[in-house]
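Below you'll find the structures, each written out as structure tokens.
Paired with subunit B in one complex and with subunit C in the other, subunit A is shared by the two complexes that follow.
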Partner chain A sequence: MTSFRILSPALLRCLGVVAMIAAIIAVFTALEPRYASYGNLSAVTRHMAANGLAALGLTFVVVVRRFDLSFPGIASLAAVTIGFLIASGYGLWFAIAAGLAIGIPVGLLNGFAIGYLRLPDIVVTIGSGSIAAGLAFLYTGGQSIFQNFITSGLLDLNDTRFFRINVSAYFLLAAYCLAGLVLHRSRFGVALYATGENPVAAHFSGIRVRACVMAAFGLSAATSVLAVLLLIAESGAANTNHGATLLMPAYAGVYLGAALLGGASIPATFAGTLVITILLDGFSLLGLPYYYSDGMVSGILLFGVVVFDPRVRRQLRRLAASVLPIAPNSEFRS
Partner chain B sequence: MAAPVLRTRGLSKRFGLVHALAEVDFTLEKGEIHALLGVNGAGKSTFIKILSGLIQRDSGDIELDGARVDFHSPRAAIDHGIAAVQQHPELVADLTGYENIYLGREGRGRGFLSRIDHAELRRRGDALLARFPVDIDLSRPVGSLSAVEREIVAVLQALSRDGIKVMILDEPTSTLTEVEKDVLFRMMGALKASGISILYITHRLEEVIEIADRFTVFRSGRRITTMESADIRSKRLSLAELMLGETIDHIFPPKPADRPSGPIALSVRRLRRPGAFDGIDFEVRHGEIVGIFGLVGSGLDELSKALFGVDRAESGSILIDGREVSPRSPREALKDGIFLVPGDRRTEGLTLTQSSVFNVKLADLDRASGLFGLLRRRRNRRRARELAEVVALTPPNLDRPVSSFSGGNQQKIVIAKGLFTEAKVYIFVEPTVGVDIGARSKLYALMRSLAEQAAVIVMSTDCDEVHGLADRSFALYKGRQIAPPAGTMSRNDLLTAGIMGRLQ
Partner chain C sequence: MSMITSSGRLPAPAPALKLVGRWWLLLLLIVAVGLFTLERPQMIEAGNLATILRSASLTAIMVLGLNWVAAAGKIDVSFMQVAALANMTAASLLAGGAGWLPAGLAALAVGGLVGALNGVLVGTARLSPLITTIATGGICASAAAAIGRGTSIRIEDAGPIGELLSMTLGPVPLIAVGVALLYLAAWWCQEHLTFGRYVYATAQNEEAALEAGIPTGRLILILYVLSGLFAAAAGVILVASLSSGQPMIGASYFIDGLTAVLVGGMMIRLGQPNVIGTLTAVLLLAALVSGGALLGWPDYQREIIKGALLICGVALAVWMGRSRGQANGRG
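Right, the complex of A and B next:
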């Protein structure tokens, strides 16, 4: 163990993540040589952009220690709204603004019900997510919308490249930098962490705890709209199923990242989503049905939480201590 | 008299450097009511926690009916016939009295799925209750019962096990009205008549005279004396003399010789919140420490929260520098220049998993951030380092999670957090709970130096702390202010005022 002392724990964790990603890529490339091809890596960056955006907003909700299960529904509603407006001949930017204008209020409404009215987060967001998804279905009757998509410029979000890299990747990077600034370098971020970790102490420190909760849900809704926009651009059609495909990668990304890097944060979500995305992409390239790949990704998520979460590890040590007669090293305390 | 039911010899317990209990020899006779007296921190609670199996002794013996016993858990104590009712009994509010009494032991069947026989519970519960001259409706949910009814349910729950010989009650009367107290005393009398010995903690001497056969006084972890209750009258003992002992002046910083004459920083006028406090009237000058002493349930905590805007007072006014403020939230109180150092620092004062840099800036994010709400990181860090030096944080590490610091150093971080806001009025509630004796004197010195630049209020259930630290002090008794005409009170008078509700 002494040899590791020169590296800080944070750096050690980062190296662990890099090693994990390298191992995953090596295994997939060995199984399927096409994995390392330009075409596939380009697909990975595009999927990463969509998953990463959904996970980004969710990170804020997880930081205030709440759950949001509504964003897939909100994303579906925004998807058909954007599709409908483009099909009706409105401009791309107008359609995107309308998608955000319909998604964000639903998120804020969630936040109001959970933060101010103190309703249970899971019930509220399942409810509002179902209603949003239901409205999306009413709109379309389950049909895909694709009229005018080619001429609208929407598909350029998927196809445009700078230096052979998709524009959505730049978009994702910019969003992460901005979110990192907000969460880790601004007073708003401090207030969010304080709200999540000890709402009573935060309230006693003059922080508007309820407003923080509400804002987090608003952000989650906003990024899910942007995420689904990229999904529409990739598939070339808007339909009600788009939102649901965001749920598992987003949650798995946030929680795996938090486990890997020792807490929910913007870099953690980035690392977590990246791992989940290259895994999902690899499995689909191998032709594995989704029920296998989802199961395997979930297994890796559980593994990551068990290995990296200090609370889980402490619990395991306690279990070990009750089985083994030798006392484990006690924690450092002054 | 027959052999005692319970005896301890040389019972000792240390927490870190503090001798919570030192060499306690104690006997409890069969069928007696025995009161435990002592100021906060005297060792009463540690003593009954050891007897009820909640914590383990370091050394000494416990004998029950003449045989040495060892309790490793509350369960083991109950099996030996010692049942304890905590100060705030843990009952399930949504279940009925019957269900609470037999919680976990409802049926004769085995396993989760065995049916609960409600008629049987009712029969057994009524039979248990019939042994006592009290009348309560056990079919109501416990959440709808009064304080004394809940206490009785908790006692019945403890008694519902077979073979209980000793019943321990931790301050059962502190939240009861006079009428409710009589109900509880009837119950205690009936327990005694059935041969059960009762050990109970109280702060009130008149109760001892009324109900107890004998009493024992604890002071700084030692048993000072055990006497017959009748001796209180015949020997004209004073509670203060019994409980306080020698002054421990040396841990308090010297008070300024002349009375502080700075401008009035805070004045409170006829502040009232029904059920908590009424007619609170006082002022604090810049450069002054005002102390308020009160027992648990005196309204101390509620008063501090009203001043800090957590719960609003119903009427009355609060003035800062002569300007009326009525904080509706801690946010507004902080803006008005009031900072609360809460009694429960771990839940109300600190974000334990985060560093001290994070915590210190938390109460004034306006000051901590600049353009676009971006944090002034370098400046915050420098300020946190300066404040860590001012409060003498040890170790002076700004990045370690706050949870890894000792209680005294956690309190210093809360004080640094207050200093960061540059408040005008600091309210300390129970400032040294969970702080060891060496660190206490450092905290007191810090509070005194804080008073040089601001007004300080100290609210505590520790009479010595209030008296030793404050320039002026008064007591709070059941929500009423017991203040001396002259502004200063002797230590004994302050204790009497807080415990009996009157000036001598």
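Right, the complex of A and C next:
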């Protein structure tokens, strides 16, 4: 902290991320001029909406230092529930409410088992995710549901535009603003961070640690239901493996963002999801086969976690110091 | 992963209950096989038992390495994709005219390499095991699909491994005998070598283990390499058993493997994955699949049962563990 600096490290990181995104877009545009077209950029916002929502809920779980592997299963169950109700002639809003009403309790049960009964998070969420994914087969035995989808107004969630931008993009922005207020500008958000940092200290400070953990898992389930709702609106059919596609991008979004901005937060998740979405979109526009996309997301995630991990960075700094004894320290500071 | 350190409010169970708690999984296996036999006597016919043993053997090989990774307090969720990648590597080499030995060795080398990558990232760079192995698993899955350009690769001849698979020792498939010996050796290593002590010490308190002179970083690296090697071995056997390379070997191995290791860890050594528990759990899952098929249960019912088994198992283990005055917060 000896060097004088005008910009705070946080602002510097933000500027770095913006520069990185600009550089990615510039490279793709140079390789494929269609990248900067209106059609493609609006596809980016649409793709980002579903992944961004799933990552949003996961952020809360990561903030309380837990893992949730159940949200793909919960999303599949909710997808088939919503599809089944719409196919049976119920209204869109009723179906969405039912999807949430079936997904959120599963998340709260996870949170109860992990927060109150203190069971290990990974095991419990693998188990409950498996149960939820199994229950998703109860409706049709695994077949896609698409009856009544056009007349119900479900597809409008994907197709409607305001000012030439998809309604799902507004939806995503609204969700992120709301989540940002909750996590960064409310007592509850501070309690979540305290729970993650030091549950014992948080407990003695009067924070209801267990309730915080339970709430985080409930939020994760809720946003995964909303994410899968956008997925079925985009594909026009609900099936049992819709949820599984959410797992990788959600984890990559949260952890890449946390690596880029130095900790899990709502802006970090937004940045992480945005970087991953524009990269994936660019590669698919360049004609890369679909089966590379998971590997690509995984590679980006691994790269982000390795390069931005404080321990790895410290070692890099030590390496740099030994190679260049007079290298200015400030360049490598986090 | 961390647990809150306030004491549990549940009462301590009685000693007799404790014995049941220690061996409940074996009891459950016997009860399950008994119930299935009551409903469908074909369950314990020699042919059906051989089928159960064959499928259990394959899962058992795949998760032996994972078992110790979990015992050391880490997790490896990439094992299924490593098996798929090894499977596709071997299949593509065989389809290209290579012999079984080079193809198998190449597949094992790929598995070992991915394991080493996991091990360096988790053991040396000390990254989160879950995030690291989710990411390496995703890369393996993509690589496996890329080898076959998104589809499977057919193999004409199942080769020497195919012959070994079809061999039997009396009524028992040879591979089951091999796996039994392998697990016996693994049990001996775990109970009688310092290796086993080191693994469980690492799970209890990694910092303290390091201070006490255990090279935890190197130990974790070795465990992940073993996990990669065993998963790859199962992948190579699957080439012969399926006569093809499948880029998506089937998500069922994923949930089966994790359930077997984590539920198996709820037996004998409460809250600590161990080879005997894992083997019992693998047999239980194979019996469930076979019995469920005989009774005509659809696939998803078995998934629900497995998930419920996993949660009940971990709840039981945490309860039992807490009564001993320690909360095993492994996750």
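Things to note:
Convention: the second predicted complex is superposed on the first by the 306 of 334 C-alpha atoms of A that agree within 3 Å, B and C clash if a C-alpha of one lies under 4 Å from a C-alpha of the other, contacts with A are read in each partner's own complex, and residues count from 1 in each chain.
As a working rule, a residue touches a chain if its C-beta (ideal position, glycine included) is under 8 Å from a C-beta of that chain, and two chains touch if they have at least 3 such contacts.
For clarity, every value in this text was computed on a predicted model and none was experimentally measured.
Residue contacts after overlaying the shared chain place A:V200 against subunit B and subunit C alike. Applying the stated contact rule after C-alpha superposition, one finds that A:I131 touches subunit C and leaves subunit B untouched. Looking at the shared chain after the overlay, A:S37 reaches neither subunit B nor subunit C.
More residues of subunit A are in touch with C than with the other of subunit B and subunit C. Shared-chain residue A:S8: touches no atom of subunit B or subunit C.
Legend: residue contacts after superposition of the two complexes on their common chain; A:D121 is shown touching subunit C, with no touch to subunit B. Residue contacts after overlaying the shared chain place A:R208 against subunit B, while subunit C stays out of touching range. After overlaying the two complexes on the shared chain, residue contacts for A:Y290 are found with subunit C alone; subunit B is out of touch.
By the touch criterion defined above, A:F188 reaches subunit B but does not reach subunit C.
The interface of subunit A with subunit B overlaps its interface with subunit C at residues 200, 203. Subunit C meets subunit A in the complex at residues 1-6, 8, 75, 121, 125-128, 130-132, 134-139, 141-143, 145-146, 149-150, 247, 255, 258-259, 262, 298-304, 306-311, 314-315, 318, 327, 329-331. Those residues of subunit B whose C-beta lies close enough to touch subunit A in the complex are 308, 310, 329-331, 333-335, 340, 342, 347-354, 358, 361-365, 368-369, 372-375, 377, 394-395, 404-406, 409, 417.
Residue ranges on subunit A touching subunit C, taken from their complex, read 65-67, 113, 117-124, 126-131, 133-138, 141-142, 199-200, 203, 209-210, 247-248, 251-252, 255, 289-299, 301-302, 305-306, 309, 311-312. Interface residues of subunit A, counted against subunit B in their complex, comprise 181, 185-188, 190-191, 193-194, 197-198, 200-208, 332-334.
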